[in-house]
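Report on one structure; see the data block that follows.
Labels for the chains are A, B, C, D, E and F, by order of writing; each one numbers its residues from 1.
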Amino acid sequence: MTRGFYIGRFQPFHNGHLSVVEQIADDVDELVLGIGSADDSHTVRNPFTAGERIMMITKSLVDTDLVTYAVPIEDLERNSVWVSHVQSMSPDFDVAYSNNPLVIQLFREAGVEVRQSPMFNREVLAGTEIRDRMVDDGDWESLVPEAVVEVVDEIDGIERIQMISDTDSDGDWTA
Amino acid sequence: MTRGFYIGRFQPFHNGHLSVVEQIADDVDELVLGIGSADDSHTVRNPFTAGERIMMITKSLVDTDLVTYAVPIEDLERNSVWVSHVQSMSPDFDVAYSNNPLVIQLFREAGVEVRQSPMFNREVLAGTEIRDRMVDDGDWESLVPEAVVEVVDEIDGIERIQMISDTDSDGDWTA
Amino acid sequence: MTRGFYIGRFQPFHNGHLSVVEQIADDVDELVLGIGSADDSHTVRNPFTAGERIMMITKSLVDTDLVTYAVPIEDLERNSVWVSHVQSMSPDFDVAYSNNPLVIQLFREAGVEVRQSPMFNREVLAGTEIRDRMVDDGDWESLVPEAVVEVVDEIDGIERIQMISDTDSDGDWTA
Amino acid sequence: MTRGFYIGRFQPFHNGHLSVVEQIADDVDELVLGIGSADDSHTVRNPFTAGERIMMITKSLVDTDLVTYAVPIEDLERNSVWVSHVQSMSPDFDVAYSNNPLVIQLFREAGVEVRQSPMFNREVLAGTEIRDRMVDDGDWESLVPEAVVEVVDEIDGIERIQMISDTDSDGDWTA
Amino acid sequence: MTRGFYIGRFQPFHNGHLSVVEQIADDVDELVLGIGSADDSHTVRNPFTAGERIMMITKSLVDTDLVTYAVPIEDLERNSVWVSHVQSMSPDFDVAYSNNPLVIQLFREAGVEVRQSPMFNREVLAGTEIRDRMVDDGDWESLVPEAVVEVVDEIDGIERIQMISDTDSDGDWTA
Amino acid sequence: MTRGFYIGRFQPFHNGHLSVVEQIADDVDELVLGIGSADDSHTVRNPFTAGERIMMITKSLVDTDLVTYAVPIEDLERNSVWVSHVQSMSPDFDVAYSNNPLVIQLFREAGVEVRQSPMFNREVLAGTEIRDRMVDDGDWESLVPEAVVEVVDEIDGIERIQMISDTDSDGDWTA
């Protein structure tokens, strides 16, 4: 039995993430999706709470054969202990998937196997693109699984991200 | 669709917890199991990491019809924001299940419906009892689901808890 | 102009505290009441929030001639920086009032003048006594200013502390 | 009896804030002024400590008929629990005043009534403008209440902000 | 070249610690002394600051041939990342020395070699004994290196610990 | 006996730092080198851990006559208590050395003597310059003591900083 670990902020979970999961599914029997910056929400960059992202992921993957776990990972703001933190929060895993150079470096220094794929980079851009479209009333729905559209609707997510994006640029809430 | 929330430390997940889940299954369509003190581990009271407890819960409930989510909840050490913290980490829920007076009080002050049951109290005792048996080489296996026995074995959990229990009583690791 | 600083948890603000304030009023023109453990609430030892304690203090002292400030001081859990923390949160003060040996020692090491009085000790006991009476439906009302009775009633404080006191002794909210 | 809540960083408290308070005074009997980022100080953006800001506010409002409370609110860096945090630190309030979109969104999601006014926006700019003038030896005194000039003088605030503004742009104190 | 790591709270550094260091000196070329609970001070259990303990250790070992490093290690209160935290704060080491079961378990799970010795246990008791004698004006000087007596004198350490020990038992500084 | 305190991030310790230490050596008998942002590592700005920086400093100063201490100082993110924090972590010192305006201001407000020198400013630039050269495979070796080259080699530091510098600009590790 092989278990993989795939870290992302999933703001929101989108078709790029879904493709990556499907690609990883060929390699592993089970996959942990680590929801990074779990304690952050209500910002333009991290509009959705960890709980909302769990819903997006779980409902989007309901028909996947792969056994998956969606696990919130709160920020520790200390790179040197980040791998240990992840390992304590997640079911034990054999291989980590990432294209982020820092994540790769941290896992490697800790002796954890890391795999990359050409598909990862594209998704990095997509998160920003989708949030921009949400703010600008553009077509974001075509870039995410149907289940994500439902979750965003249910929580009035578009109203939230549009409201937040009006806040002054440093994200400070007081004058 | 009704979703419930059931908080516990699940150190370890045992037959009492399982009974409670089965009982709640009559009320709700989906259930979130909030893993409290998720950031604590390697103590006599909290021997297992959040990741290990996710495994115990998920594997024990694999044959349940209920849709379940196992969500680690790190301690915030601030009762006044605890409900908001839980709500941000968990999929949205309609009703919380607890027999713990503080939990009930906090949810009530926040306007969240709470339900109790006679079965809850018994389990409170069981956690301590099972950990004591683990330390003393007693029969703990009969009090937990088979999947939990497997997880504990896989991580050498008995060796860990026995080792830790030798540490001086204030749990301090230095002389 | 002389300004004093008087630190307490004020759980709740009671007649002993009031006497101390009246006594200090002979020495100073203004008095800061630092509300210690401001981030703690909903425990038997610290049942009331900082906001609730601000109300108790402000309303109890409304007829005092003394200019007073009620300032919440969150715990930093680090004795060596505690005085600096207090000084940053409080209007500047000339003298601190306390009978607590640790507080006295910390202020002295920082070069702040500290004054003691025979009345302080009695009040230390009173906080516990009043909370015990609240739990046991005893007469706590006679030990606190009328304004405190009103605040406690308004927030259903007795129900809260009685509920919380049923929680198992280590104050842990999960099984 | 109606109590309002008005959040700001008040770096420093200025005539714009004063106008807002006077405007709110028509609506409420009591007003809590929540001092945001209370734990931050000695930066160009947040030059003054919470204690210094309490002084500015209290002395500026001494002749106001309104009953006011100046309450420091430390940053929690977690939007999802921010409203609960504020509610625990502040006397209970019926309505919050803000023009900041994030603050409005957070209070609304928590079911708290929020009111806006055309005057709020102007003040947002003023804080930066006044701090710039302090750094550049410009006329900042005409933009703040007389009491604020006195507090700033007493603490050598101009020397502090000018000194700090020489620090390299990322506010880092070490080479 | 072999470097060892020896963790302790060193409250204060005493002859038992010194013997352990001398014993380890036969095994290694360099030794890191990790000062645990570095952020704690001014309590009966942890009376001295990290800086004071650095002085005690450095001056006591000045004539030792061994190259030593005294490194403060702040508490992280999270056992699962403790080894990573220690490794990031300390020069790289090949072997850890401890008789504390939790420390041994944590290092072992992280794959770090740990060595024990019969001498360690004795010292565990000594820390408490020495602090008790300091409080009771007993003979503590004969149990510590001469350099430690000098440091304690210089900082008025006996006055501090005696003052602190009068504080009520739960170490709480407010009434 | 005079002891000085010299704060820096030492990312890495370089010839500019070494010159400053040699210059200070004329004034003091002992010198504490406070390693700022000790808890930060694996970023372009702070590539090396506290432990690695202790090695760089200690090995670079091994032939200096001055008695030196290398002490990690974790960030507290609260300027108002920063001096107290430093004082608790460091052996007691008589004078602080810095050219950073914020550091100077904080020490002065706390009544600590601060000395500046023309040499300090040059080094501020050097840290960035050296890290840039490390990233770009330039000649960084000529700007640091030989011992630092050895430490960086031993930990594969160039690979680390080059890997990290590929991470997207906001230093965020997740998509």
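Here is the rule we use: contacts are C-beta pairs under 8 Å (C-beta built on N, C-alpha and C of every residue); 3 or more make two chains touch, one makes a residue touch a chain.
The shown structure was predicted, so the numbers you read here are calculated from the model rather than taken from an experiment.
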What is the touch distance from chain C to chain F, in steps? 1
Set C-E beside A-E; more C-beta pairs touch across C-E
Equivalent interface positions on chain B and chain C, same or different at half: different
How many Å are there between the centre of chain B and the centre of chain D, using C-alpha atoms for each centre? 42
Take the average of all CA coordinates in chain E, do the same for chain F, and state the distance between these two points in whole angstrom. 26
How far is the middle of chain D from the middle of chain F, if each middle is the mean of its Cα atoms, in Å? 35
Touching two or more other chains - residue numbers and ranges from chain C: 39, 41, 49, 78, 80, 87-88
Which label fits the chain touch graph of this model best, line, ring, star, complete or other? other
What are all the chain pairs that meet the touch criterion? A-B, A-D, A-E, A-F, B-C, B-D, B-E, C-D, C-E, C-F, D-F, E-F
Flag every residue of chain D that touches chain C in the complex, lowest number first. 38-39, 41, 49-52, 54-55, 58, 69-72, 74, 87-92, 154-155
Can you list the residues on chain B that touch chain C in the complex? 7-9, 17, 36-37, 78-80, 100-106, 109, 120, 123-124, 126-127
In the complex with chain C, residue positions of chain E that touch it: 39-43, 49, 160, 163-168, 171-175
Could you list, by residue number, the parts of chain B that touch chain D in their complex? 76, 78, 80-81, 83-85, 87-88
